[in-house]
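Multiple structures follow.
The following pair of complexes shares a single chain, chain A, combined with chain B in the former and chain C in the latter.
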Partner chain A sequence: MRERTLWTLHLGAGGLVLVFLALHMAIMHLDLTGGPFGVAGAKAVDWASVAERAREAFFTVTYVALLGAALYHGLFGFRNILLELNPGAAARRAIDVGLSAIGLLLFLFGAWVTLAAPGAASAVGG
Partner chain B sequence: MRSSAHPNRLGILGWVGGGSWGFERYMFALHRVTGLGLLAYFLLHIFVTSARALGPGAWDGAMALVSGPLFTVGEYLVFAAFAFHAVNGVRLALIEHGFVVGRPIEPVYPYATSVGRQRPLAVAVMVLAAAITVWGGVDFLTVR
Partner chain C sequence: MAGTGARIVTFHVRRYDPATDREPHWEDHPVEVTPGMTVLDALWIVKEAAPTLAWRSSCRMGICGSCGMLINGRPRLACNTQISELGTNVVAVAPLPNFGIVKDLVPDLAPMFEAHRELMPYLLRDDTDEQDAPTREYLQTPAELEAYLQFSYCIKCGCCMAACPTLATDAGYAGPMPLTQAHRYDCDSRDAGFRARREILSGPDGPWHCHYAGECSQVCPKGVDPARAIQLMKRQLVFDLLHLRRGHAPASLAAPPAGTPREGIAAAPAPTVAPPGQGATPRSPGEAVAPR
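Up next is the complex of A and B:
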């Protein structure tokens, strides 16, 4: 039952990643495709564009959602690969605890960056 | 998932040995390789882009570290990996939920398998992923 719930979350997270990462790719890397989403007159990775996106609630929410969904989807997929190698009970426990801790720490760090970025942008008038 | 009934004796070597499973087995291997590549890139990406919390100087410094043709090609490979992993992931989810595999049938000789039913979707996935990759390549590598 627990594994089925985790797997269902894995599929759901994959769907979220599909939508948000496609949007992220289009905005950040595809000038032709993502032009309508970009900042006019500036490249997507220029500080002015980064600062403008940092101040918009839409991007803050979607960045945190993408961060959480991608971390869960990626680390759970990695866990499945490791478990297919038939680790013992202790190793399995270490995999579960280790990957959960890594995921949680990275999520907290990434979420802090996303929430702190608007302050950095405003402080320098970006 | 771990199964005590059918232990995974081949380990990672099983990824490259399609055997009688055919084409879809190699798509499985590619799905895993692209997934691991995307995960590795994503973990680094979190740290590189964290510079935006420290202001424009740190951000420009971080972007200078990851600029140049080598990184552009690397980012394009990430895009191509995402294109395949995403489209193939949708295929896997459809099949897992019973779509595109046909209705259950009586096991009458000569036995039919669902592989034949799945094959057109697998081919369509490869064509769609290739089309997205080419489109992305035109956008990524020429519009700079």
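Up next is the complex of A and C:
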């Protein structure tokens, strides 16, 4: 059961990453769609606009969700590559535990950065 | 030779006898090739010069699946491969990769059939009595037959397993043939074994390590398309996890045709094996029974 569930989550995470990447491109790199995300006439990629978005709950949620989806999708793919090297049972267990720990640590760190961003932006005058 | 279209082709044959050889080696054997000659025909000529050369073959017509081997770097059936279609003056023949070697061109297919057996490639139903001693037929529409027909053409030759890049490194992967056959029965409207197979397929022995290289389908001599079967199986299993899979009740038994004229229809041959629990002496194969 486990492999099927993990693989289905891998697919779901891939779909989510695609959605968030499309959103990222639309906001940051396309003038037509990114215009409204600029603050007070600034471009969407300007620091003031970035700092402003960091304070909005919608963007905080999407940043954390993108972080989680990208980490899961990438690390699960990496796990598949490692498992194709035909590791033994103990090595397989070590791969699972090791990658899960790395993923969790990176996610916690990234989520902390995202949640701390509004305060940091204010501190530097954003 | 003039006018017959014959030419000399060198057969570069990989030899290995685990009883005497430390590692495989190659031998060259020139063979006078005539139009229409297959690689299997040529191997019989090679055997005249190398009597200990071993390979498997039986039907000589692409049905039994015995003579799968690596011919010019591609898994093929030796009986189904015309030498002329290879277009080379040197034909390299080796055992199927991704298997152990029993001897020379004979691969050890036991792991493949073990994985095949584990995935229960047969009809799983509650009415075992009916299956052991059939009294009627299971109802199946042409559309229901189409759902699995292509996958039922598999002859278990192992060519797909030899071409699979995942299996080349991942010994735990079940491989294209067993997975395709599991899917073939999961798609069969007469079968009720999806849940039982799901227990195995949802784990590490399932289709999850297939990354759709498609080599299995490229080399399949029967056009079975195992890569497609494996992707369909993944979809079926994921849909099942998400409760989106449309299940089906196993096909019911058809009533015997009533009022259909039976005259002129040849009687079914007598069973050569007695049904379980009946100690009756089996009839001879040619002996007919009266039509029901």
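We take it that the second predicted complex is superposed on the first by the 104 of 126 C-alpha atoms of A that agree within 3 Å, B and C clash if a C-alpha of one lies under 4 Å from a C-alpha of the other, contacts with A are read in each partner's own complex, and residues count from 1 in each chain.
We take it that a contact is a pair of C-beta atoms (placed from the backbone, for glycine too) under 8 Å apart; a residue touches a chain by one contact, two chains touch by 3 or more.
Because the structure is a prediction, the values reported are computed rather than measured.
Following the overlay on chain A, a clash is recorded for the pair chain B and chain C.
Between chain B and chain C, more residues of chain A are touched by B.
Residue contacts after overlaying the shared chain place A:L85 against chain B and chain C alike.
By the touch criterion defined above, A:A54 lies against chain B but remains apart from chain C after alignment on the C-alpha atoms of chain A.
Of the two partner chains placed around the shared chain by superposition, neither chain B nor chain C is touched by A:L99. In the superposed model, A:L16 lies in contact with neither chain B nor chain C.
Of the two partner chains, chain C is the only one touched by A:R2; chain B is not.
By the touch criterion stated above, A:L75 is placed in contact with chain B alone, chain C being left untouched. In the overlay built on the shared chain, the residue A:F109 is in contact with chain B alone; chain C does not reach it. Put simply, chain A uses residues 3, 11, 80, 83-86 to touch chain B in one complex and chain C in the other.
Within the complex formed with chain B, the residues of chain A that make contact are 3, 11, 14, 17-18, 21-22, 25, 29-33, 45, 47, 50-51, 54, 67, 70-71, 74-75, 77-78, 80-81, 83-86, 92, 106, 109-110, 112-113, 116-117, 120-121, 123-124, 126.
Across the complex, chain A is touched by residues 1-2, 7-8, 11-12, 32, 35-36, 38-39, 42-43, 46, 49-50, 52-56, 59-60, 63, 75, 79, 82, 86, 89-90, 93, 135-136, 138-140, 143-144 of chain B. By the touch rule above, chain A contacts chain C in their complex via residues 1-8, 11, 80, 83-86. On chain C, the positions that touch chain A within their shared complex are 166, 169-172, 199, 201-204, 206, 208-209, 211, 234, 237-238, 241-242.
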